[in-house]
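Each in structure tokens, the structures are laid out below.
In the two complexes that follow, chain A is the common piece, with chain B as its partner first and chain C second.
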Partner chain A sequence: MIKSQPTSPAFQKALLGWGMVVVGFAVLLWFIAGWWNQSEQATDAQKLLIGAGFLLTVLGTARVANLFVNTTHPVVGFTPAALTLLLVVVTAEALLRAYQVPPGLIPTPSRVVATLFEVRDVLLRDAFQTVVLQALVGYLIGSSLGVGVALLVSRFVFLERGLLPYATVFSSIPIVALAPVLVKMVGIDWQSKAVIVAITVFFPVVINTFRGLTEVSPLSLDLMRSYAAGELQQYRWLRLPNALPFVFNALKLGTTLAMIGAIVGEFFGANGQGLGFRIQIEAGRFGFDIVWSAIIVASVIGIAWYNLVAWLERRLTGWHVSYRE
Partner chain B sequence: MTRISVNLVPMLVVAVIALALYWPLMYLANIPAAQRALDTGAALPCKTAVECATQLRSPVLPSPEQLWRGFGNLMFPLYSPNAISINAAVTALETIVGLLLAAIVGFFFAIGIVASRAFERSLLPWIVASQTVPIIAIAPMLVVLLGQYGVQGWIPKAIIAAYIAFFPIAIGVAKGLRSPDPLSLDLMKTYNASHWQTYLKLRFPASVPYLFTAFKVAMAAALIGAIVAEISTISFHGIGKMLAENSRASDVVAMWVIMISSAVLGILLVALVNWVERLATPWRRAKPANKPVVGKPGMPQKRGVG
Partner chain C sequence: MKKWSVFWVLAVFALASLASAQQNLVRVNLQLKWFPQAQFAGYFVAKERGFFRAQGLDVTLLPAGDQSPIQVVQSGAADFGTTWIADLLTARERGIPVVHIAQMFQRSGFTLVALKSSNIRNLCTDMRGKSVGVWPSGNEYPAVALFRKCNLTSSLDPRATNPDVTAVTYPFDPSLVFPDKVQLVAAMTYNEVNQIAGLGYDETKVDVFRLADEGINLLEDLIFTTERVLNDRNFKGSGLTGRQVAARLIRASIQGWNWAVANQAETVEKYVLPVCGNTCKGSGTRADARDHQTWQMAEIAKLYNAGATTRGWAGFLVPADFQASVRLLREQGILTRDPPRQTVDYGPWEAAMGRRAADYR
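Now for the complex of A and B:
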């Protein structure tokens, strides 16, 4: 008899991986469903069951992730990450219910999602203020100023010697210490937070862009000289392309710095709106379900922003060594 | 050393220009505020707005004399619990412990990212996401949770510092481990080097410069983490505690003094990393300068091969 086609080794491996994931999730979900309205701690055997389900899903996810290693499609390639998130959320739900952790300390994920849906209007308005007005405006100002200053500094040796040491020094200053002073100086509206974000983003961009503009291979520089390339051409065809990966590195780090800067800035005074303001107020009232909802909103926006910059980076610097494998 | 002396004159010129601009800026910023204070009849020991500009209780920009006096108030007596020196030492301890923790965790994540695409696919998006989570929201919960297991005081702050510092280390080291060019990797393959040998002989040495660059960023980040943790939890020592206290009391001059002191602390901590870098990588010191810009003609670039 001839064996049927689908039972090739690769197919069997995929089946095993997905099978482990499905069984593991089934165990965890079965426990959660059974313990939905209980108010006492689970028995040791049930806790052990949660551990077994978690372990099974981890191993299964590792196998499944191997199947997606060479996927280039961005949505399909996201499957392992989505599984990891699902695993963490489901396990957290099961553990919190098994140990009956009070919701004032850590709310269960299901409760957080329900709250997120309830207060979505308020959080969206907060997000607009924090992200669009504060983080984005500050980010754009800070990074464009940073690139401009780096261009000047790379061109004039005096500026390089006089300004760059200060830029290096300033980038090691903790921005949180800057925030209260700037809020007192500029006011409690969104402008003060935009200034904080701009300052935070500025220094890494200057330093990275400068390194990219100056760390040029001597061979290429010689080539430009032998072509009698002017200063402008040197920048256009050699220095700027060479700087792009460095700039994008700074811009990627800048997205997270901008979010943190805007949110931390709001802790020292806000006009009654904003994600940071919401988090601080609700954390003080032990309303951790709203805090986590705000964290989810901030994280989703932060991830989207980072990926947008990373996508731009791939489009513009696809030729760089770190993408060739 | 030669680099510092080359930079000294331009740096001094810039510093003098900045200082010379400070006085006019300070008057420009403070005179409207002083005029408003006079108009509302505040009790000030001065008559005109120009005189009052240097003596406001909450100035927009404090005058140098005010800063000097504020610094004296917060610095002495040296061992009082409200002195900057002790609080800065506590924050520095939290930051350094946090950085070491972050280095261990970040290194393992970096190896995982480089060694296994599956690991990268399933975890990297969430490592990035973890950085956008405002730590202040997690800090109180973390402190309560750790407190149940008897972990208190400065350790929760070090953990929060590590949480914010491990991201630059993980990303930087991953970039460094990937930095060897394809030629060198091919050479390792022709030598039939094992996976581990490739890491030990090629990837780890290649990642050292990236590692220290990442450490500098991470040190600044860890300091931010430690200060935010001190602000958002109950703490009895630290720069963050002083900042929160004076922000509540609206003591603007003290806030400026603390800001400048924490800036100095950040600079010292990064200088510490620089010093360790020079000790750890003596071969990099031997280069003429760390600015490989001007290529001399007829000097081909060497491809480093382990």
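Now for the complex of A and C:
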């Protein structure tokens, strides 16, 4: 934050910004509290009030955000983004209550949070099936096969000529479209979804790893040759390190693909658990509070997984030019 | 200049005549509960034999996959729909303003099928620890009601961490799960029971448990719409009210159903088979679409020709049957309160049939 004297203009601007945020939220929360048990639509004046509270908070947040431009601390720097999220959630709650939108269409955020807490055990069990058994197993199989195949393809030219064109083609088609076929072939248990995930992750990993292994600077290759480095040494000291950033790109992309594949795969037949199964069955019976809870769980896990891979990437490729400060 | 003016006059004339031709018929979308098959024969007949047109309606029949017809009607993509009672009442409880306007089937055709070799004799006592195949999208409620009635928790219940019964969802082909993955599979008397038989598990090899016999008698195919449609003073600018359109739709549908049930062979040949592709086929040795649909038509006729229909009250929702369904759903905790009075509207049916609901004895 900008260090400022109590009377400086910057300080006053900041104070005004925070003041607007506080008042705006107070208006919204005051309405929500007053409308907690109502089953009538709010009056037009009250709806205008929600709009005013929203606008006030937006303007306030805009002023506050300016204060954080130079912040380097990751948590403190997140304040404006957190305010935005909070504002969206609180405004949604107020509007849904003001217009009395039925919970069978859009549940209020507070209802979703309450439901999430209530059904957490079942959702965690669902998440275990979807994330660990289906997405993670498929991801590990798909990416290790992908790296293995890429190593072979980069070594043997006949494979590059005969196989790689297909990998390129397959990596650009939506493999998820294969889900119904694979569910029919492999069965409705978690294995079929793991297969879907493995295939989805496989192709981007092959393509990226291959590029990383082959797009080596000719100068570096010449250097290796002048050291009389063998094939293995070349891979160990030049090609593999060079491929790592490419591989991690594919692995990060793969986390998202894996979650999509696992969840969508369950739409075509599931064995009674899993996040996709839960979403499908509850959407069909208008239990959208549970659907949203499952979406939240899937999102949190997806984000955590992506960041875990990103963290590993930073650990293993810290030497790379993009991380040099 | 002159050439253009002639063109414009012609164009305006053509548009005007088109518009007037369209004006005579009110365009209505009816969302069916499933893929085209003999289950909806009455509507196909009403459309193709001109019963809808005679009522001034131009009805488009929309097929469904496994999405909820209520979602389609609620969103306005269809004006009317067919579904089951449990689906309707749970949606109503969650604030979707859907209204029941006619009860086409008077009996339930929901069964669970098990191999005789799996030693399931009594559903309630033998179901624990078993897997049951069901369809999602509101079609699972009869099975859920049975689980609850037997005091069993299932994986369909988001609040049961250690379910007694594993419910497995499957799209529409029982061979996907039965008998390898599940010991019991949901099957309609008019469709999957025959498909399963075609797969080599006929009456001598399987037990068919009718849920109605187990005390789960939930009403099935009915016509519903939304309060928005019913209260429309000028339905799509046709000059008719929503209620009038509903009454005409019901009248023509019942004519269609009566004709279909009375002329089953012709119905299947002329009105069912032409509209359905792959989804009309049976399975295995009974895959032939004509045979499967002929058989389905006969089974459907049994569900239509029962209860109120046999007394000349086709399409009528018998209040006692409705109350029984509501009571059952409440007892099993699927509904937490009685549905509001507006959930059922006898007005359109009364206008269509010229009878008063209160006169039913």
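Here, the second predicted complex is superposed on the first by the 254 of 325 C-alpha atoms of A that agree within 3 Å, B and C clash if a C-alpha of one lies under 4 Å from a C-alpha of the other, contacts with A are read in each partner's own complex, and residues count from 1 in each chain.
Simple rule for what comes next: a contact is a pair of C-beta atoms (placed from the backbone, for glycine too) under 8 Å apart; a residue touches a chain by one contact, two chains touch by 3 or more.
Note that the coordinates shown come from a computational prediction; the quantities given were computed from them, not determined experimentally.
Visitor: State whether A:Q280 touches chain B only (first), chain C only (second), both chains, or neither.
Guide: Both partners.
Visitor: In the three-chain superposition, say which chain, chain B or chain C, touches more residues of chain A.
Guide: Looking at chain A, the partner in contact with more of its residues is B.
Visitor: Check the residue A:I290 against both partner chains and state whether it touches chain B (first), chain C (second), both, or neither.
Guide: In the superposed model, A:I290 contacts chain C only, not chain B.
Visitor: For A:F268 in the superposed arrangement: first (chain B), second (chain C), both or neither?
Guide: After superposing on A, A:F268 lies in contact with both chain B and chain C.
Visitor: In the superposed arrangement, does A:Y166 touch chain B (first), chain C (second), both or neither?
Guide: First partner only, chain B.
Visitor: Applying the document's definition of touch, where does A:T84 land relative to chain B and chain C: first, second, both, or neither?
Guide: first
Visitor: Return first, second, both or neither, reflecting whether A:L105 touches chain B, chain C, both chains, or no partner chain.
Guide: both
Visitor: By the touch definition at the top of the document, which applies to A:L221: first (chain B), second (chain C), both, or neither?
Guide: first
Visitor: Can A:I175 be said to touch chain B (first), chain C (second), both, or neither?
Guide: first
Visitor: After lining up the shared chain so the two structures overlap, which partner does A:S299 touch, if you call chain B first and chain C second: first, second, both or neither?
Guide: Touch partner of A:S299: chain B, not chain C.
Visitor: Starting from the residues of chain A touching chain B, keep only those that also touch chain C in the other complex, and list them.
Guide: 105, 180, 184, 268, 280, 283
Visitor: Enumerate the contact residues on chain C facing chain A in the complex.
Guide: Residue list for chain C touching chain A: 66-68, 70, 74, 87, 90-91, 93-97, 131, 136-141, 154-156, 158-161, 163, 166-171, 176-177, 180-181.
Visitor: Any idea which chain B residues touch chain A in the complex?
Guide: Residues 6-7, 9-11, 13-14, 58, 60-61, 117-119, 121-126, 128-129, 131-134, 136-137, 140-141, 144-145, 167-168, 171, 175, 178-179, 181-182, 216-217, 219-220, 223-224, 227-228, 231-232, 239-240, 243, 246-247, 250, 252, 255-256, 258-259, 262-263, 265-267, 269-270, 291-297, 299-301 of chain B touch chain A in their complex.
Visitor: Spell out the residues on chain A that touch chain B in their complex, using ranges where they run on.
Guide: 61-62, 65-66, 68-70, 77-78, 80-81, 83-85, 105-106, 158-159, 161-163, 165-166, 169-178, 180-181, 184-185, 204, 214-219, 221-222, 249, 253, 255-256, 259-260, 263-264, 267-268, 275-276, 279-280, 283, 288, 291-292, 294-295, 298-299, 301-303, 306, 321-322, 324
Visitor: Within the complex, which stretch of chain A touches chain C?
Guide: Against chain C, the touching part of chain A is residues 101-105, 118-119, 121-123, 125, 180, 183-184, 187-189, 268-273, 277-278, 280-287, 290.
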